[in-house]
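Look for subunit A in each of the two complexes below; its partner is subunit B in the first and subunit C in the second.
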Partner chain A sequence: MKRSIFKKGLRGFWWLTIGFLYLPLIVVMLFSFNASNSAASFTGISLRWYRRLLGNDAILSALSNSLLLAVISSLVALVIGCLIGYGMYRHRHRKLGWLIVLIYLPIVLPDIVFGISEMTFFVKINELTGLLSPGLSTMIIAHVTFQIPFVALIVYSRFVGLDPSLFEAAKDLYATPRQRVQFFMLPTLKPALISAFFLSFTLSLDDFVISFFTSGPESATLPIYIWSAIRKGVTPEINAIATLMMMAVAIAAIASLWLSRRRTVS
Partner chain B sequence: MSDPQMVMDESLQRVEPQESAVGERGERLAASSIEMKGLHKRFGNDAVALNGVDLTIRAGEFFTLLGPSGCGKTTLLRILAGLEEADDGTLIIGGKDVTEEPPHRRSVNTVFQSYALFPHLSVRENLAFGLKMRGVGAQEREAKVAEVANLIQLGELVDRRIDQLSGGQRQRIALARALVCEPDVLLLDEPLSALDAGLRSQLQVELLRVQKRLGMTFVFVTHDQQEAMVMSDRIAVLNGGNIQQIGSPREIYETPINVFVARFMGHDNLYAITEREGCRVTTPVGTLELEGGSEGEFVLIRPETLDLKLGHVAGTNHLPGRITERLYRGSHAEYRIAIGATSLQATVNNRGHHLPDVGDEVTLVVSSEDLVTLSE
Partner chain C sequence: MTTNKLRFAVAIGSILLAGASQAEEKKLYLFNWTQYMDPEIITAFEEKYGVEVVENYYNSLPEMLAKLNAGGVSQYDIIVPSNYFVPRLIETGMVQKIDKAKVPNLANVAEQFSSPSFDPGAEYAAPYQWGVTGLVYNASTFKDAPKSWSVLFDPAVNDAYPFSLMGDGQVSMGTACAYLGHGYDCTDLDDWREAAKLLIETKHRDNFSGFSDGTPALQQLARKVTHGALSYNGDYLFYLDENPESFSDIKFVIPDEGAEKWVDSMMIPAKAPHPELANAFINFILDAKVGAQLSNYNYYASPNAAAAPYLDEVLTQPPIQPSEDDMARLRFSPSLSGKQLQIFQQLWSEVQAR
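Let's turn to the complex of A and B:
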């Protein structure tokens, strides 16, 4: 008897947790289809806010900035992070100590500290050389910087999970250094690289604080646009953007899962 | 495993694999000898792995490096493969100095202890990997993979994924992946140690069959002296980075050169010689008459060379004692016999006669020619 009450309690707690996590999202999605202007009442289903989005140049430019930033920074971070991850693996027997801490530090560093310091840094460089004026390029550098540790960590843990004699087997089976990369390391890393790319992509798309401090007047991304728009009040348009972003992230996550599983299933 | 008779017939059909290998490639011999001169290897500052190893392995030989862990046998194998560089010394394989060659430029393949099969590739792709890296065309690769799959009897597995294979199957694939490259020398690093006893002895037979059929030089590393004796043409026993003894399994087992080799080969009946008077020596188990010319500070009495007689009988090389332990093994029985303050092991074949029991007074009889003397 008591046991069943306890079980019911647990079940209730489960639904409560799920509710807290997803109800706000569902409300946002629902109201993005609201026919009325007001966020107070739901008067009927309509796509007018989505149509309105397509007509809003500021939003479209923010969207393209966001995507451009996410794709470029993720690709750059993938290459650099992959090299760092492999380097960490190759030299794992040495005592790397502080070097590892320095690579991981950006993960735990508060975004605001990171963002402000990047901004100060870029401004100084800009004053001295005239290069790196705030804009997409500074944002890409800042995003790559915080994405690298994640990529390096994913690549490193994939390598550590491998039997070390696989590297020797590749050498033993006549693979030249270049062939080892092409036929052993990259194919073995593929699932890790795919998930690292999508993780970087989502982190970049989602980032507000660091983007805010490093962006220029022309390079507002979606989160920055939303933030500035919200100061004038939450419009159903914002709900529509939020819904689209959720969809984008969900699709990225599913694609990442699907791509990394495909190889092992075939 | 399939019918052994069939396996024999099959091997008779392809009598001369050496010739076919030479015929196809022309430029190289089927089997190569290995020459090691003064190989030294040290890890860090203190650990000496190899202490000046000189060793010649003949072409087409099944050669075993035997020793306890840390004796340097795996280091030696890794130097042969090129995965480790010797600090000093020369390595010649098939008449060519390969001391400085990286592993991918040596015609040597390894069967790794962990098998090291590529998890991202199918069995077929694993088998073809070495050929592909060498630039062998797709058609020839396909043919060679099919041939080796047939040789190792794993034709039905080639389209599987690696994680769908059992331990024994993985072992076979690892062997096939190395063999398909037709290397001058095949190196095997404890390839059977992860398998259970039954599968292990089955694969021992299979490995031996493949080696004899291909006539390839095999260098095998193991810490299991039984396995070494079953498989090898010759064995090198290593300890502390030094070769202790090189010889056929019979030489190593029956006439070990020193106490380490004797103990490692499983011998317990080793007694220090306390007094020597011509051929007569005194040991803790009694006075023994040795053959002329034997030298050394220890005498080895192999348990299976002893005869057991009931009661106390006097005579040369007759040792009186009392049975303290009997292990009945079916085909034979193992006895422990107390002689004075020490004891001796004896093995008696079970021919259906009376087997003496614990507590019986017995006399152990050994002939002089079966006694082996050895040094510290």
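Let's turn to the complex of A and C:
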């Protein structure tokens, strides 16, 4: 009897959680199809806000900035993070705990602290050398920096989960270092690399605070555009962008899931 | 793998180079308040000068200043700060003088803005739009409201209905000063103390709903979250026009005790990449017809006297163009600096903390 009440309670909490997570998103999506320019009443279905979106150069350039930044920074972070993850695994017995903490610090550091320090740093460099004026290049560096720990963490935990004797087995079979990477490490790491890439990609796409502090006049991303466009209230156009961004993130998540599942099945 | 790496290298290299070659292309970098520029004016400017205009936006002046400090001072050609920010920018060397020989349309500027107190001789700043921060309230709640800040500050006039004050310290303090009879632009320490005391008392009233900024304050009024607040005449008119049903009961008045008038000005950052083009842009905006088009789009008053014949009728009457009596009671926020600014900020954080 008591047990069934407990179970019902848990089920209730489950639906409550799902509700709080998704109802606000559904409202935004619904209102992006609103025929009238109102945030209060829904008057009919229309695509006019999506049409307006496509005619808006500022939004399109923000979108392409967002995608460019997310793709480039995730790829760079993937390469560097992967090397760090492997290094951490190789030298895990050498009491390098403090080094690992050093790498993870950006994960726990508040974005705003990180963003402001990156900004100050770039300004100093720019004053001294004239290089790295705020723009896409500074944003890519900043994004790579906060993505690396996530990639390294994922790669490291994948290695730790492996039987250590596999590495020796590969060596015993006279695989050269290059062959070990090509035929053993990369294939085993592939699911981890895929999920690390998509995690970095979504982190970069979602980021506002760090981008805000490191962006220049021509590198506004979608979150920055949305932030600067909401002074006179949220228009259905903003709802339409938000819906598109949700779709983009959802597609990335599904693609990551699908790619890694296909891997394990085969 | 190697080809991929090569691609990253090329991509990164091209981005770094793009940063360097930016200066060679003909572009104007405009850093402006959100929703404060008619896109058609930008198109017209681009066609006339064969250039591209890149627009960036900010929601507050501290935000703009942060961007300027973060390298923006050499990346933007035009910024549009409000009057009380102008001396701060001049004193810290963040802006350069306007080349008056290249801006003949400065002659169009109305007299009251042609040599303002915050920039004597108008060496650095050319006016863009001006407006009033007045009292907005729900007229169906306060049926015979006096034309006075007492709607906010006097519990005898409003003892039950929620109201807000402005998050901008200088405006809220100045308004309290005005209500106390010291004038909106008071700077006397004793007057400030009295105003701060009034604000703290007001904060502790049960129907005080909080500090909010001019634009959200209007939306709170429309949703009846609040019944009295401070806001800008142009934004009020914009919403009244866009959403007449929700705003039909909302009134905008300039209280008899006085209120703030402000003017946003175009300025050129000290290391702007294209100062020539920036001067041309200022001249373009100060053109009679373009000036009127800008005001007609923004619902704000034009500081451009030559633009008057082309203005929409609604912009030539209150609350956008106040009556002469009201006009005489409007003041700029005092430009504070040094010790005075420090004292003011101490008082204001006291108000916020208690």
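What we mean here is this: the second predicted complex is superposed on the first by the 253 of 266 C-alpha atoms of A that agree within 3 Å, B and C clash if a C-alpha of one lies under 4 Å from a C-alpha of the other, contacts with A are read in each partner's own complex, and residues count from 1 in each chain.
Everything below uses one rule, namely that a contact is a pair of C-beta atoms (placed from the backbone, for glycine too) under 8 Å apart; a residue touches a chain by one contact, two chains touch by 3 or more.
Bear in mind the structure is a predicted one, so any value in this text is a computation, not a measurement.
Bringing the complexes onto one copy of subunit A puts subunit B beside subunit C with no clash.
In the superposition on chain A, contact of A:168 is made with subunit B only, not with subunit C.
With both structures placed on the common chain, the touch criterion links A:58 to subunit C but leaves subunit B unconnected. In the superposition on chain A, A:213 makes contact with subunit C only, while subunit B stays out of contact range. More residues of subunit A are in touch with C than with the other of subunit B and subunit C.
One geometric descriptor of the composite model is the angle centred on subunit A: between the Cα centres of subunit B and subunit C it reads 160 degrees, in steps of 10. Contact with subunit B, but none with subunit C, is seen for A:179 once the two complexes are overlaid on the shared chain. By the touch criterion defined above, A:133 lies against subunit C but remains apart from subunit B after alignment on the C-alpha atoms of chain A.
By the touch criterion defined above, A:226 lies against neither subunit B nor subunit C after alignment on the C-alpha atoms of chain A.
Within the superposed three-chain model, A:187 lies in touch with subunit B and out of touch with subunit C [touch as defined at top]. Taking all C-alpha atoms of subunit B against all those of subunit C in the superposed arrangement, the shortest distance found is 19 Å. Touching of subunit A by both subunit B and subunit C, each in its own complex, is seen for no residue at all. Taken in their complex, subunit B has these residues touching subunit A: 81-83, 102-105, 108-110, 112-114, 116-121, 129-130, 132-134, 161, 177-178, 181.
Contacts from subunit A toward subunit C in the complex involve residues 37-38, 58, 72, 75-76, 79, 119-120, 122-123, 126, 131-137, 140, 213, 216-218, 220, 227-233. Against subunit B, in their complex, subunit A makes its touches with residues 162-163, 165-166, 168-176, 179, 183-184, 187-188, 190, 263-264.
Those residues of subunit C that touch subunit A in the complex are listed here as 4-5, 8, 11-12, 15-16, 18-19, 22, 29, 31, 33-35, 54-59, 69-72, 74-76, 215, 219, 235, 238, 242-243.
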